[in-house]
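You will see two complexes here that share chain A, one where it goes with chain B and one where it goes with chain C.
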Partner chain A sequence: MKLKNESFKENITGYLFIAPQMLLFLVFLVYPIIEGIRLSLYKINYQTETFIGFGNYQRLFSDPVFVQSTFNTVIFVVFIVALTVIFALFVSTAIFDKNAKYVSFIRGAYYIPVMVSMVVMSMVWSFLLNPANGLIPFVARQMELSTVNFLGDKSWVLPVIIFVTFATNVGQAIILYIASLIGVPKELFEAAEVDGASRMKIIFKILIPMVKPTTIYIIIMNIIAVLKIFVVIQLLTGGGPNNSSTTLMYYLYNNAFKYNQLGIASAVGVIMFLITLALSIPQLRAMLKKN
Partner chain B sequence: MFGNKNKKEKLDIITNSIVLFFAILSLFPLYWLLTSSFKNSADVVKMPPDWFPKTFTMSNYVDVFNNQPALLWAYNSIVVALVATIALIIVSSLAAYAFSKLKFKGKNIIFIIFISSLMIPKEVMIVPLFRIIQNFDMVNTLSGMIWPNVATAFGVFLLKGFFDSIPDSLREAAKIDGASEFKIFYKIYLPLVKPGIGALFILNFVQVWNDYLWQLIVGQDATSKTLMVGIATLMQDLNPNFAYKMAGATVAAVPMLLIFIFFQKYFTKGITIGADK
Partner chain C sequence: MFKKRFLASILSVALILGVLAGCVGKETSKSSGKSSSDEVQISVWLTPQWKGVLNASEDGADYDSFFKHAAERFAAEYKDHKVKVNVEVVASDQRDELINVNLNGGTPPDIFFESVFAMGDYAHRGALVPLNDIVDEDAKADIAQNFWDNVTFGDDIYFYPFSHNPGTLVYNADMLRDAGLEKYIGEENEIKTWTLAEYENILYGLKKDLPKNKYSNAFPMALFALNNQGDTWNLAYLRMFGNKFFDEKGNIIVGDKNGAKAANWLKKIYDDGLTNPGAESVSSNDANAMFQNQQLGVSFTNSILFNNAKADMESGKAPKFDMRLANIPSESGDPLTFTYVTGAAIFDTKDETRIKVSKDFVKFISSDPELVKASKNGVPVRSSVVEEFKGENPLFAAYTANDQFMFNFTGNVPGYNQLRQVLYPELQALYTGEKTADKAVKDYQSKGNKIIEDAKADSVIYSK
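After this line comes the complex of A and B, so read on.
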């Protein structure tokens, strides 16, 4: 009887300790997910809600702007993630065994844009790219390029956004790779060095395979981050010209807060939720195994 | 052998020069932001530009603070980031301690479900989340911006590892002495996980400070705008003076730069925690 009492008490103590966090989790995360799924099946008009099954989803797939948003988002994910991984690997393998001051300077230089946020960086880039008085169009004019309005030109707008997003966020991946490379046991590549293996060979045959878990982590985190890309679209292009740079998150935002299409917006949210959930499962598995 | 080594170093020098070149290039937009913010409205649009401002003027900053409620925006941003972070530290350290040290029914399954939400961005559920905020009457309030940020699993995820690394024997000894669970948590364990709390504080503060979309949706009226939302409205302003917009952006960027300079080691530590697993 006493033993039972004891374990009962410990249960209660445990629940009390997690209660505040769980309450917030239920109210602001679990409930919105369930409610989001429900709303995605309804046509919502201010106070009235009509059940329409998968009607919102059907409407989505027949909306060319949604198709364009999905296409752009996929393009952004593929190119930004690939650029990030390749460039971050290039930088970190070049510097990780150099002296600490140099490493911390390089790391800082690439990380500072991450710190000052996408809003600030988008503002600077919007100034740099401004066709009337921006630095980049000025240089383009000097070089007699045909385009100076990079954000107003359909064929330039996606590459420019890819570049700006990549340049602003690559610092995060660089920090992760440097930490991971510093953790690789020195004997592993010193032995290869003695055998006369070139640095290139050491990088490709030893270092890159050794940091594979970090690569997977970076890929997943970046896919999720790029999937919800919004700020740079809103501040640089507004989705234009002619919807050519719109993304899923921007489409969701417009439907929810401009066109008052809450059902449609919820359906986009559910699709994005399912994608992130599917993507995060392998990473969660690895993390839970270690725990 | 010797020749091989020389060749090796040459390649290393070339790659490092490229790395250094791009590192400086990556700082250039910030240099441009900072220097433009001190130029007057004529110089800022001059082509070819002054690579270094010829005249330093503070007038853009005066404009930002006088003609725009930038102080109020900054105050809102500080309150939102600070309160959200302190609240997260309180609730998540309690929960992380329980998940690490206490035994209770359903602990593992609750933990797995909770941690599974780690990578789900709240942005995808923004419609139902906004309706909740409406029901709580929190639209245009700082509370509306704060609470959804405290629901994240990030705090527990980061702190649990720190609690795990402290032996259970401390708790058992204190129990025998008759200390209450809360006292053990507060007096013994909490001081020992200070480095984790420090990392959580910095990372989450920056995260909330820079969290634009949610603040944009919740803070619609003039008095509840945060700095990020405020400066973004400057951007969409018809005022063609870019120097003034850059001054606004600088005001939002400087606190983050200072935090980075003073707390660099926390970033490296905090950011790498997820990847090492």
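After this line comes the complex of A and C, so read on.
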């Protein structure tokens, strides 16, 4: 006991230094999570809160819109993450060893959309795709081509959102891959050259395995980001047509702020939190293993 | 060594205290609404209504001009407290999000000025305070009973009626003329009533004969279902074949054959290219902008939108054309018409002083003889103001003539806001062909009735 006290006294300065961060962490992260879990077990009106156990979760799983939004979210995660990783790898392996100015140019070109607000990007896409007064349908009508409502056709709306999100986010992955590829030891390439390995072999046998940690990082970060996809849905499709582009985050938002169903919204939040937590475990493991 | 550690400890304690002080300080300054000099601050939120104090043509006229002017006068004339009124305009489609976030965070605005239909749910949820005590006999005599009925939930008045905005169709008379449809054009100050057959002739005529070189990318009629904005017109269209929408118990009955017939008609005009394309992803805002750009022959409007559009034409913000009003037609030949009663409501902030000042402010703007003149931007609810301005605005007489065909589109049911969220997905399903007209209205009926049932159980007014 005495020893413990002494050790505490010894480290008190350290504890005090981390205290503000811990305090903020507890207040702004831990408390909302606990409060969210609590609220998900209640039916909430403006004036009263009634404990209903897992009633909100039961209602969720019997709601076809929730099932549809879960399905859509999974589709978005799978396709956007896969496209991002494949395309970013393709671009970065093609250019990382070229002239430095050229690499900078490509990096900059792909990174500009990342810096532009998603709201602005969505508005630009809306201007292009709006079926009544958008540019693309207008040009198509002028040229007497058959027009498709990219935002209102069930079979087009998901690919359009996937493309818009992918095009906006891929720059980040390219930057990370180029940085990682530049760090691959030169001796490996020289050895491969001596052995007469082709470019494809170098990419698949050396480059991709060497940047595996970056790939894991990009996958995890993108999964978490895409799980929360919202702005593009809100501004481009409003979840339509007939909820066919609704995502978990959009469903949560509607319940929380439009329908004022805080209990249901909290239950969706808890489910999303659990999914994100489950997906973060591999990353955490990889990090711990490394250390 | 000890000195160093002591200094470090002091520093870190100071940091923590600083952070705490920051949080606490912010909290106190926000929660009270009263400053040290006993100034009472109240917040007024409104959605865009009319521009200017009395006229949209005033210099610097904006949506908050009226309330800022009223606030200045109130602050100068109010005796009980020193008052500061903060006015904020919020986007209509963000209204519920903002109110819900602030209600749940315990920081609702003191006053919200909006159409009653959009705010009725807050009365049901117990978030508003009754205004019975600020409505006097003079007001009751000057404002017709149907407006008081509109703002009364249970036994209490929750909104002070200010003006009303009748919803109608608006058409581009120049386009009708250019398409050889002169005979359907009404008088300048008339709300033209067409039969359904005449209306279809107009739409087909516009599609066929509108000169393409003059009106590029133009369509006969506005149709939209992206979100809940402007959905009252969609609700009206669903009544075109005689459906009453609600039964006596407040349940939706649009799933019957008349409702399906109306939905079928919408689908037919959409498929025949009589509307803008992509109705499922076009919003009412898009449609309004298209009408102002002469890309639509017939669109939707209410009296405020109509005046704003006229002002935009006068100021050169939008192209000038001959714009006139028409009723929504029906199979029976009787027009379909509705109105939005607008007025101020007061949120229960639990602060007696602020509620008292807010009530006095609402009474001030709703009964001051000069300020109530601003209601002429819509249609005044006070007969004294209608009388004063009927010469200046001949449309007031036309709106009054329409009163007999008025229907109550909310049915005064609880859960109306959520009800709105289930209509447009069904219309989207209808337009994309995912559901038949019959299935779309039936699905809307069953989802809507479930919402009404749940909302009744939660309503403080129903459980009184």
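Heads up, the rule we're going with is that the second predicted complex is superposed on the first by the 261 of 291 C-alpha atoms of A that agree within 3 Å, B and C clash if a C-alpha of one lies under 4 Å from a C-alpha of the other, contacts with A are read in each partner's own complex, and residues count from 1 in each chain.
The working rule: a residue touches a chain if its C-beta (ideal position, glycine included) is under 8 Å from a C-beta of that chain, and two chains touch if they have at least 3 such contacts.
Quick caveat: nothing in here was measured; it's all calculated off a predicted structure.
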{"item": "First (chain B), second (chain C), both or neither touched by A:N149", "value": "second"}
{"item": "Touched partner set for A:L24, first chain B, second chain C, both or neither", "value": "both"}
{"item": "First (chain B), second (chain C), both or neither touched by A:F257", "value": "both"}
{"item": "First, second, both or neither for A:F273, with chain B first and chain C second", "value": "first"}
{"item": "Touching partner for A:T165 - first (chain B), second (chain C), both, neither", "value": "neither"}
{"item": "First (chain B), second (chain C), both or neither touched by A:N242", "value": "second"}
{"item": "Partner chain(s) touched by A:N222 [first = chain B, second = chain C, both, neither]", "value": "neither"}
{"item": "Touched partner set for A:N72, first chain B, second chain C, both or neither", "value": "neither"}
{"item": "Superposition-derived comparison: chain B or chain C, residues of chain A touched", "value": "B"}
{"item": "Touched partner set for A:I95, first chain B, second chain C, both or neither", "value": "first"}
{"item": "Common interface residues of chain A - those touching chain B in one complex and chain C in the other", "value": "12-13, 17, 20, 24, 130, 132-133, 138, 256-257, 262"}
{"item": "Chain C residues touching chain A - in the complex, by the definition given at the top", "value": "5, 8-9, 12-13, 15-16, 19-20, 96-97, 100-101, 103-104, 125-127, 217, 219, 225-227, 276-282, 286-287, 289-290, 293, 295, 417-418, 421, 424-426, 428-429, 431-432, 434-435, 458, 460"}
{"item": "Complex contacts: residues of chain B adjacent to chain A", "value": "1, 4, 8, 11-12, 15-16, 18-20, 22-24, 26-27, 29-30, 32-33, 36, 44-45, 47-49, 90-92, 94-95, 97-99, 102-105, 107, 110, 112, 114-132, 147-148, 150-151, 153, 155-156, 160, 164, 181, 185, 206, 209-210, 212-213, 217, 228, 231-232, 235-236, 242, 245-246, 248-249, 252-253, 256-257, 259-260, 264, 267-268, 271-272, 274-277"}
{"item": "Chain A residues within the chain B interface of the complex", "value": "7, 10-15, 17-18, 20-22, 24-25, 27-33, 35-36, 39, 90-91, 94-95, 98, 104-113, 115-128, 130, 132-133, 135, 138, 167, 170-172, 175-176, 179-180, 183, 196, 198-200, 213-214, 217-218, 220-221, 224, 227-228, 230-231, 234-235, 249, 252-253, 256-257, 262, 265-266, 269-270, 272-273, 276-277, 279-280, 283-284, 286-288, 290-291"}
{"item": "Touching residues on chain A, where the partner in the complex is chain C", "value": "12-13, 16-17, 19-20, 23-24, 45-47, 130-133, 137-138, 141, 147, 149, 151-154, 237-243, 254, 256-260, 262"}
